[in-house]
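Next up: the structures, one after another.
In the two assemblies presented below, chain A is common to both, partnered first by chain B and then by chain C.
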Partner chain A sequence: MTLYLKAGGMLREYLQPDVDVFTRRVECTEGLSLRDILISIGIRPVHVAMAFSGDRLIPLSHVPSDGETITLRPPVQGG
Partner chain B sequence: MIFGFGGNSIRINLKTQDIQRIPLENRFAREWLGGRGFISKILYDEVPREADPLGPENKLIVTPGVLSGHLAPTGSKCCFGAISPLSNGHGDSTVGGHFGPELKFAGYDLLIIEEIADKPVYLFIEDDRVEIRDAAKYWGLGSIEAEKLFKEDLGEDFEIAIIGPAGENLVKFACVSHDYGRQAGRCGIGAVMGSKRVKAIAVRGTRSLPTYDVKGTLDFTSAIIKRTAVHPNMAPWQKYGTAMFVGWANEHGVYPTHNFQTTFFDRYAGIDGQPLVDKLLVSNKACFGCWMNCGKYSKVQLPGKPVVFVEGPEYETGALCGGNCGFDRIEDVAYNNWVCDNTGIDSMSGGGIVAFGMECYEKGLITREQLEGHELRWGNVDDFEHFVDMIIYRRGIGDWFADGVVTAASRIGQGAEHFAVQVKGQGMSGYDGRGAPAMLLSYMTADIGAHHNRAWTITMDEDLGKNVIRGKAKVVVYLQHIRPFFDTASCCRLFWGEVDVTAEEHIDAIRLVTGWSDYTLDEAMRLSDRIWNLNRAHYLERNGGPGRKFDYPNARFYEESIPTGPSKGSKLSLDDLNIMLDEYYEARGWGKNGNPSREVLADLDLHDVIANLDKIGMLAELTTPLPQVRGERYKPKAF
Partner chain C sequence: MPDRYARQSSMPGIGPAGQRTLERSHIFVAGTGGLGSPVLMYLSCAGIGRITFVDRDAVEITNLNRQILFDSTDIGSRKTEVACRRLSAINPNIHLDPIDTPLNEQMITESDLPIDLAIDCLDNDPSRRMLARACHEKGIPMVHGALAGYEATLAVFQSRTGPCYACVHPDPPLTAITPPVLGGIAGTVGSMMAVEAIRMILNVGPDRSGSLLLMDFERGTFDRVYASRITECPICGIGSASSKI
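And now, the complex of A and B:
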C-alpha cells in the first residue's frame, strides 16, 4: 500500500521527501504500525514528537490505511 | 537616524530623577546588535564588580534588539537584563508579546535604569514623554491584576512590563511579566526591578520605525509567510504550542519527575497538550507580527478557587509545575501556572523550588510546624499555593526559599544540597540531563545557569547515544552561539527551529531593515562568541575562579542513576562530567580551569577583558592551538 509522510524542520532531513519539499511517498506492507514503518525507512521514533492524520492526533501505534497522509512533527528544540 | 532602530537610549536615575535621552550610536548598534548584546556590554562596563545585585549599583536594562518591531520575521522580543541575584553574574531574559516593538515605536532601543527610587514608582513612556510616576496604587497587587488596572488607567494602547509581589519582596527568582502571562522569567530580573521600587514600565509609541528597504522587507516577509503557512509543522504548533512535549519527554526518559528523582511520570497523559486543548483552551494567542499563534490562553476553575485565566501551561511549566511536583491533572498545573504568574515568580524556578520543598517534606527535613500547620505533598494544589505564598511574603522558612534553592538547601542542611536542583543558583529547566549528557553539559556551562534556551541537545543525545559523553561538546558550543543570537536580534527562535526559516534568512532580515549590506552570519556568530566570553569573564571577575568550580550541578546528577522509565539505569559520574568539561573548554579555547584564554579573547578583540582577567590572575594560557572556529554544527542542519 502507499502512504504519504510529511515533515519539516529536522525531520525533513531524515525523511528525504520525494513528492514535494515536505512529502515522501512510502510503499509499505498493510497492517504495520506507523512506528514500524518509520523504523523501516530509517526514522527513529525519538525524532517524532507527534503525528497527525489530517487534524487528528494519532499515536505511533496507529495502523495507516492505503493512501493516508500523515504529518510528523519533530520535538521542539527547547521551549 | 539609524535604520532598523528606534534611535535613542534613555538613562533614568531613580534617585535623582534625572532622565537623559541619548542618541544610539551606529557603531555600538552594529557591534552589539541589541537585546542580550547591549546588556552584556553595558553590565560589563558599568556595574562595579562588588555591587550587590539587589543594591543601587546594579542596573536594570531593557532592550528590544534590531529586529524587534519589524515584520521580518517575528520581531516581537524584548530583553531584560541585570546582574542576577541568583547567580551573581550576567543575567538576561527575553519576553515576547508587544512590549519590545512598542518601545521601539516610541523611539527607544535601550533603557538603562539606575539607583533606587525612594518610593514605589512606575515609568511612563509615551513617545518623547518619559516620566517617573507614583505607583502606590499598584504596589502590592498581583502581576495580572495590576496590569489590568494599568490598562484601565492609561489605556489599552499602552504595553506594560510589570512585577508582582515576588519582585517587590525581592524573591530572587521573581520575573518581569507582560501581556497577562508572558514573562522575562529567568535570572530574577523581577527582583532587581523590585529592588529599585519600579512596579512597572508602561509604554506607548506612535512613531514609524525607520526601515532601510521597506519594499524589500515586505516582499521578504510575505514570501516567508507564504512558505511557512503551508509548512507541516505550522498547524500542529498552532493547535498545541509547546504543551504537547510532556508526552514525548516522558516517552524518551528526560521528563523531570518528583524533583528530578526520576525521568518518567507514569500519569503524564493527564497533563499533556491534548487535555489542555480539550479541557481548558479559550483561544490561541500571538506575539507581535507572528502568524503562528502558539500561545494558549486557558480558563481554569478548581473547586473553592476563583476562576482564573492563564497563558499556558507551556511545556516548561507543564514539566516543572506538573510531574516534577507530582501533579497529574492539567487543571491543577494550569492553576499552579496562574499562581506563579500572578505572584510574579518564574514558573520554572517556582515549580523547581516547590518540588525541592516537597522532597524535603517527604524526607522529613522540613516539618508541618515550619509550614504553618500545612503539609507539602506531591500533587496537592492547596499545599503548592500555600507554600508559594510563604515564599512570596517571606514568612518563616519561606524566607529561605525566597533566596533560591541554594540558600534554602544550605539553611535546611542535612544533605539537602544533594537534591537542590540547579547550576550557578539557577533552577534547571524541564529536561533531566542524566539521560541526555550533552543537555547536562549545556546546563553546566550556560552563562546564566541551568537554562535550556542556550542550547538544547536531546535529539542529538538520542542520536549519538544516551550514555555517550564524548564528542558532543563542540555542538553544545555551536548551539550556545546560534540560539542566543535570536535573543540578541530579538526575534522568535521558533521560526528557525520549527518551520525552517534559516539563520541566514534572519541575517537577510537584518540587512533589509538596517541597510548593513555586508552583515553576515559569521559576524553574528562572532558576536555570540564575544558575548559568551564577556559574560564568562564577568562571572569570574565577580565570583572568583577558577571557572570550572562553578560548572557542576548538584550531586544528584553525578551520584544517582535514573530509577525508572526509558532512561532507567542511566548514570553519569563526576569523571564523566569532567571529561565533558575538558572537551568543552578546549572547544571554546579556554584553559583547563575553565577560564577564558588570552588567545581567544585577543581573537575576539576583547582586549580590555584580557587586561582585567590578567590583573586578577584569572587569564588562562592555552596548551593546545586555539580552534579557529568555535563550535560545530550538528547534522541535520536544522539544528
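And now, the complex of A and C:
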C-alpha cells in the first residue's frame, strides 16, 4: 500500500522527501504500525514528537490505511 | 480623559462588563522569555488585574533576538525585575507579582489568591509537566505554547474535561537544549497565546480546549488538530497520583 508522510524542520532531513520538498511517498506492507514504518525507512521514533492525520493526533501505534497522508512533528519545546 | 481600554472594550464580547472581568482576573505566567515577553506585554496592555510571573534567569545577550521585554542595557539584570519595571510602565494600573525562583507546583496549588488561568511560556518538558500537574490539581486551564525552528505549537488544556499536556506527550520528548528560535515567530505565537488567554477569561468564542494549533512557518501551514484524553496519562489518567481529585 501507499502512504504519504510529510514533515518540516529537522525531520525533513530524516524523511528525505521525494514527492515535493516536504512529502515522501512510502510503499509498505498493510497492517504495519506507523512506528514500524518509520523504523523501516530509517527514522527513529524518538525524533517524532507528534503525528496527525486529518484533524486528529494519532499515536505511533496507529495502523495507516492505503493512501493516507500523515504529518510528522519533531519535538517542539523552546519558549 | 479618554479611557485606556476604549479601543478594546468596544469589541463584541468585551464591552465595559468584559473589561471589568479582565481587571478582576488573575493570570499566572511561567517564563518571561521569547513567548513570555509578548504574553506579559499584551496581558498588561489589556488590563489583566493581577499577573503573577516566574522566571529564575538573568538577561543574556543571546536572549535579545526574541525577548522583547529586554534590551542591551538589561544584560546581567534579573529578568523578573526588568519585566516588572517595563510592564509597570506599560500599565501602572495592574498588580504584578514577580517570582525570581525556579517554578514549583506550590506556586499554583498553594496560591493565596485564586488563579483563573496559567500560561506555559516555559522552555523544557519537565517544567511543563510540573505546571500541567499543578493546573490539573487546581482545575485551572493552561494555555501552552512552544517553539523550535520554524515550528510552533499553541494549545489549550483543561484537564478536568479533556486532555492535558501529558496526554499529548505521554513520554518526555527528545529535545535540543537550545533549539533555534526566530524572534518574529516567538512574537507571533506569544501574541496569539495572550489573545487565547483573554478570550478564555471572557468566554468569547468556542471552547478550544483539547485542540492544538500546529504551525509551520517554513511550510506556511497552520493545522488545528484534536487530541484525546488517554487513560494511562501520568497526570490526569486513571491511576495517576492526581487522578482522584
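One rule holds in what follows: the second predicted complex is superposed on the first by the 77 of 79 C-alpha atoms of A that agree within 3 Å, B and C clash if a C-alpha of one lies under 4 Å from a C-alpha of the other, contacts with A are read in each partner's own complex, and residues count from 1 in each chain.
Just so we're on the same page, contacts are C-beta pairs under 8 Å (C-beta built on N, C-alpha and C of every residue); 3 or more make two chains touch, one makes a residue touch a chain.
Quantities reported herein were computed from a predicted structural model and do not represent experimental measurements.
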More chain A residues in contact [chain B versus chain C]: B
Partner chain(s) touched by A:13 [first = chain B, second = chain C, both, neither]: first
First, second, both or neither for A:56, with chain B first and chain C second: second
Which of chain B and chain C A:47 touches, first, second, both or neither: both
On chain A, the residue positions that both chain B and chain C contact, one per complex: 8-10, 22, 46-47, 49-50, 52, 55, 57, 71, 73-79
List of chain C residues in touch with chain A within their complex: 31, 33-36, 120-125, 128, 145-153, 168-169, 173-176, 179, 181, 212, 214, 216, 218-219, 223-228
Of all residues in chain A, those that touch chain C in their complex: 8-10, 22, 46-47, 49-50, 52, 55-57, 71, 73-79
Footprint of chain B on chain A - complex, ascending: 6-10, 12-14, 22, 44, 46-47, 49-50, 52, 55, 57, 71-79
Touching residues on chain B, where the partner in the complex is chain A: 231-233, 235-237, 239-240, 242, 244-245, 247-248, 252, 274, 314-316, 429, 452-453, 455-456, 458-459, 462-463, 483, 493-494, 497-500, 635-639
